[in-house]
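In what follows, subunit A forms one complex with subunit B and a second complex with subunit C.
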Partner chain A sequence: MTRIGLRLALAYRSNIVFMMVTLVAQVFLLRMIWTAVYGARTEAAGITLPQLLAYLTLANLQVFAMNTQVSRIISHRIRTGTVFFDLARPVGFMRQMTAFQAGNTLGGLLLLLPVVPVVLLVGSITAPAHLPGYVVTLVLGYAITVELALLISLIGFWTLETVWVAVLFRLVSQFFAGTMVPLAFFPGFLGALADVLPFKYMGYVPAGVYIGHITELVPTVLGELAWAAGLALLLQLIWSRAHRRVVIQGG
Partner chain B sequence: MIRVEGLSKVFRRPRTFSGPFGTVRTLFTRQYEEKLAVDDVSFEIDEGEIVGYLGPNGAGKSTTIKMLTGILTPTGGSIEVNGLVPWRERTANARNVGVVFGQRSQLWWDLPLIESLRLVGALYDVRHFDKALSKVREILGLDGFLDTPVRQLSLGQRMRGDLAAAVLYEPPLLYLDEPTVGLDVLAKEAVREFIVETNRSGRTTVMLTTHDLADVEALCKRIILIDHGKVLFDGAIDALVNQPRRLVVELESGTRTYDIHDDLPGMVATIAAEHTIRDLSIVEPDLESVIKGIYAR
Partner chain C sequence: MLQYRMNSVIGILTGAVWQGTGFAFIWVVMHTFPSLAGWGLAEIAFLYGLRLTAHGVAMIPLMALHNIEFLVREGEFDRYLLRPLNPLVQVLGNRLGLAQVGDLLVGVALLVVAGQSTGIEWGPWPLIVCVVAIVSGALIEGAFFLALCSLSLRLLDTYALRSFVDEAFSTFGSYPLKIFGSVVEWLLTYVLPVAFVAYVPASVVLGKLDGTWALAGPVLGVILMALGYQVWRGQLKHYQSVGS
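Now for the complex of A and B:
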């Protein structure tokens, strides 16, 4: 299944390449805007301009690399009824879909790799403040992203139509991941909301660790672990309900 | 191989509303409608048999097959497939069973056929994949299009690909649901030959659902007929078709039909002596009209 995900990512490469143009453009625009906003200032909310630009470049790269296809695939398979075959396999559905997404991400990374220097050039990068911390928060952030995507796609077992959910999810998650504005700049209520939502782990948290804005690593990683574990549990619970619905209702 | 006893399945679906806000009401309703899709079905299928499981659209065939694969749990009754209870031992049962749905494909649309077969190989732990592949490649003639994306295959090639995916791990049991639907005469013939070959060489048990009675006549000795979820007939095709030929005579007073026993010329002479015959024809018993007769009962 991993291989299928990888091959599919490569099969749709023109699609991904097109999206990369958007990524480069977005990073470029963000750089222009934020440089203008900072003007003569050297820092805001404890973040210097070079740090901020590195943050924006990384956060956008991350969210792009973590973009998941699994919800789209699952919703398509439910609507066309081909999910029947997945359910008839001797391997569990969730395991198959997780493997698929892992392969798909890997394929996306292979395509993204040559573009990374361009993005870094158009944006800006600094040396990492804490590389191991970055890698750990990033990997856990990826796990959380995949769990959220799987959770969203399970809605399809009840409503069949999940396109609107996916669009809403994408919009909300990108905003609260802090790809345009770092969460440190979110005012009062919005900041509190962004802090309790898990989307920050897709962008803000790893990129913040990278630039040295987030320094309390242990509570950050523990919080991330708790989210990953909690979502895994929730996923199990909802999946068993969805599966029961299938076996009793016929999907 | 398969033992089904008193099997039934009730679907409980939210009541659908029509009119303004119908969809919203459907979403929040607490009213349900129940539909009995399979109603007290019993049958046994022995190892190595090819059985036609026939019935009109919506008769409950696919629901039965889904219960046999373990995807649906029965509402009542019992099932045993190769010694396992499918819905309870779903994973073990999955390895015993190959499924083809003519109307749907298990192949990945945008990838070369070989990728879907590799996936099946990985999911079912096929140890000697290349050996298994070369075997199905040969009998199904996949050579020309293994590396072609599935969406570019003709329907006949796609169906062969689906059959390959279903038998790659050599399951002792095959459920084929309309495997010849939409195929041309030659492609149908190829699918039938493949079924016969698989059944003979591997003693594979086949349960075949189809609307093409030529498939049934070419492949099955026995059929099970169901409608409205109930078994209407279970037995040898020979017994069904083994009925007298009929003589249809058009007389001045109207059309009459007689069963032909032995002395056809004598029969005709007797009728001719009493009436003026305008036309006459002989009707051979055939499966289609026999089955129509059973459904009409």
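Now for the complex of A and C:
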């Protein structure tokens, strides 16, 4: 499954090239907008402009690399009925799909690697304030991202149509991940909401640790662990109900 | 299309949320920073709404062309050539852009709300400039889309290129172009005329630019659309079926 995921990522190269052009354009856009609004100010909300630019560059790279395909694959397999073969295998379905996503991410990273210097150049980067902290929060953030994607795709066992749901989910999650604005700038209610949601672990939290904006590492990592464990539990629970509901289309 | 009513609603909703999060970004930024290159929140909202409305007007009818590679490859397109009706009209009749209906709704809503809080004196003149700007903006964006889709009639896959041009119009077109630096501003004015969709007409309505500039958009729009249609006709003349 891991190998299939990796191959699939490499097979859709032209699509990925376009997405990378978009990534570079997005980072450029953000850099120009933020530079313009900062103007003569040196810092806002405790973040200096160089820190902010490094944050935006990293957060966008992260979310790009963490983009999951697993919902689309599961939705397709449910619709065509091929999910039956997955269920017949001796390895659990959730484990197969996790392995698929891991391979897919790896393939995406291989393609992303040559673009990283371009993105760093168009954006900007600083030395990490806390590298081990960044790696730990990033890995946990990835685990949470995959769990959320699996949860979304399980909806397909009930409604059979999840493409739009997945698109909506991606839009909302990217916004609350803080890829365009660090959560520190979110006003009032919006800030509270973004803080409660787990999407911040995809972008804001690791990138914030990297630039030294988030310094309380222990509670941050504990919070991430709690989310990862809670989502794993929820996933088990929903999956045990979902796979009793398998409806094979056609016949 | 209406058989899938639920899907249609979700499609429109997705378009609206897409643009909603795009604008939410500006709103959040300008909550802390009151001015972006001399433009206030209401003024940016007006610019954003103008661009989005023009985009919706252009893409709702043209969206069916996005499938052109598929139509050609599957031989579907050959059927259109047999019927006594302009093949372009037949392709466009296939379906409407639903997500773009969402774009249009958000765009018009932004225009109405922002239009009232920018302090523009709404006489007939600004209103005419706005309506003309929406139509000519739609013509400009539509012309590029039509021309690029036409190239696909001869089995040249322009899907990625089209998506990129669309991206340029939508991401850069919604901001005051001068923040991107003079090179990019020049490119987006004279190479890919994104500036004339919303930046120039919004500047005129908001009193940041001389009124005569309002004429540039419509002239450019009509010329570009005529050229776009010529490209379509030219490519159609050389159309060869994929065979079977």
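One rule holds for everything that comes next: the second predicted complex is superposed on the first by the 246 of 251 C-alpha atoms of A that agree within 3 Å, B and C clash if a C-alpha of one lies under 4 Å from a C-alpha of the other, contacts with A are read in each partner's own complex, and residues count from 1 in each chain.
The working rule: a residue touches a chain if its C-beta (ideal position, glycine included) is under 8 Å from a C-beta of that chain, and two chains touch if they have at least 3 such contacts.
Just so you know, these numbers come straight off a predicted model, no measurement behind them.
Asks: If you tally the residues of subunit A touched by each partner, is the higher count for subunit B or for subunit C?
Replies: C
Asks: Thinking of the overlay built on chain A, is A:L222 touched by subunit B (first), by subunit C (second), by both, or by neither?
Replies: A:L222: touches no partner chain.
Asks: Please work out whether A:M180 is in contact with subunit B alone, subunit C alone, both, or neither, and reply first, second, both or neither.
Replies: In the superposed model, A:M180 contacts subunit C only, not subunit B.
Asks: Which partner does A:A192 reach: the first (subunit B), the second (subunit C), both, or neither?
Replies: In the superposed model, A:A192 contacts neither subunit B nor subunit C.
Asks: Would you sort A:T22 into first (subunit B), second (subunit C), both or neither based on which partner it touches?
Replies: second
Asks: Applying the document's definition of touch, where does A:F85 land relative to subunit B and subunit C: first, second, both, or neither?
Replies: The first partner, subunit B, only.
Asks: Regarding the shared-chain residue A:I4, is it in contact with subunit B (first), subunit C (second), both, or neither?
Replies: After superposing on A, A:I4 lies in contact with subunit B but is clear of subunit C.
Asks: Subunit C touches which residues of subunit A in the complex?
Replies: 14-15, 17-18, 21-22, 25-26, 28-29, 32-39, 44-45, 161, 164-165, 167-168, 171-172, 174-175, 180-181, 185-187, 190
Asks: Quick one: in the complex, what on subunit B touches subunit A?
Replies: It comes out as residues 11-13, 37, 63, 66, 69-73, 87, 91-92, 94-95, 97, 99, 101, 104-106, 108, 110-111, 115-116, 118-119, 122-124, 149.
Asks: Which residues of subunit A touch subunit B in their complex?
Replies: 1, 3-4, 7-8, 11-12, 80-82, 84-85, 87-91, 96, 246-250
Asks: Residue numbers of subunit C touching subunit A in their complex, please.
Replies: 7, 10-11, 13-14, 17-18, 21, 24-25, 28-33, 35-37, 160, 163-164, 167-168, 171-172, 175, 179-181, 184
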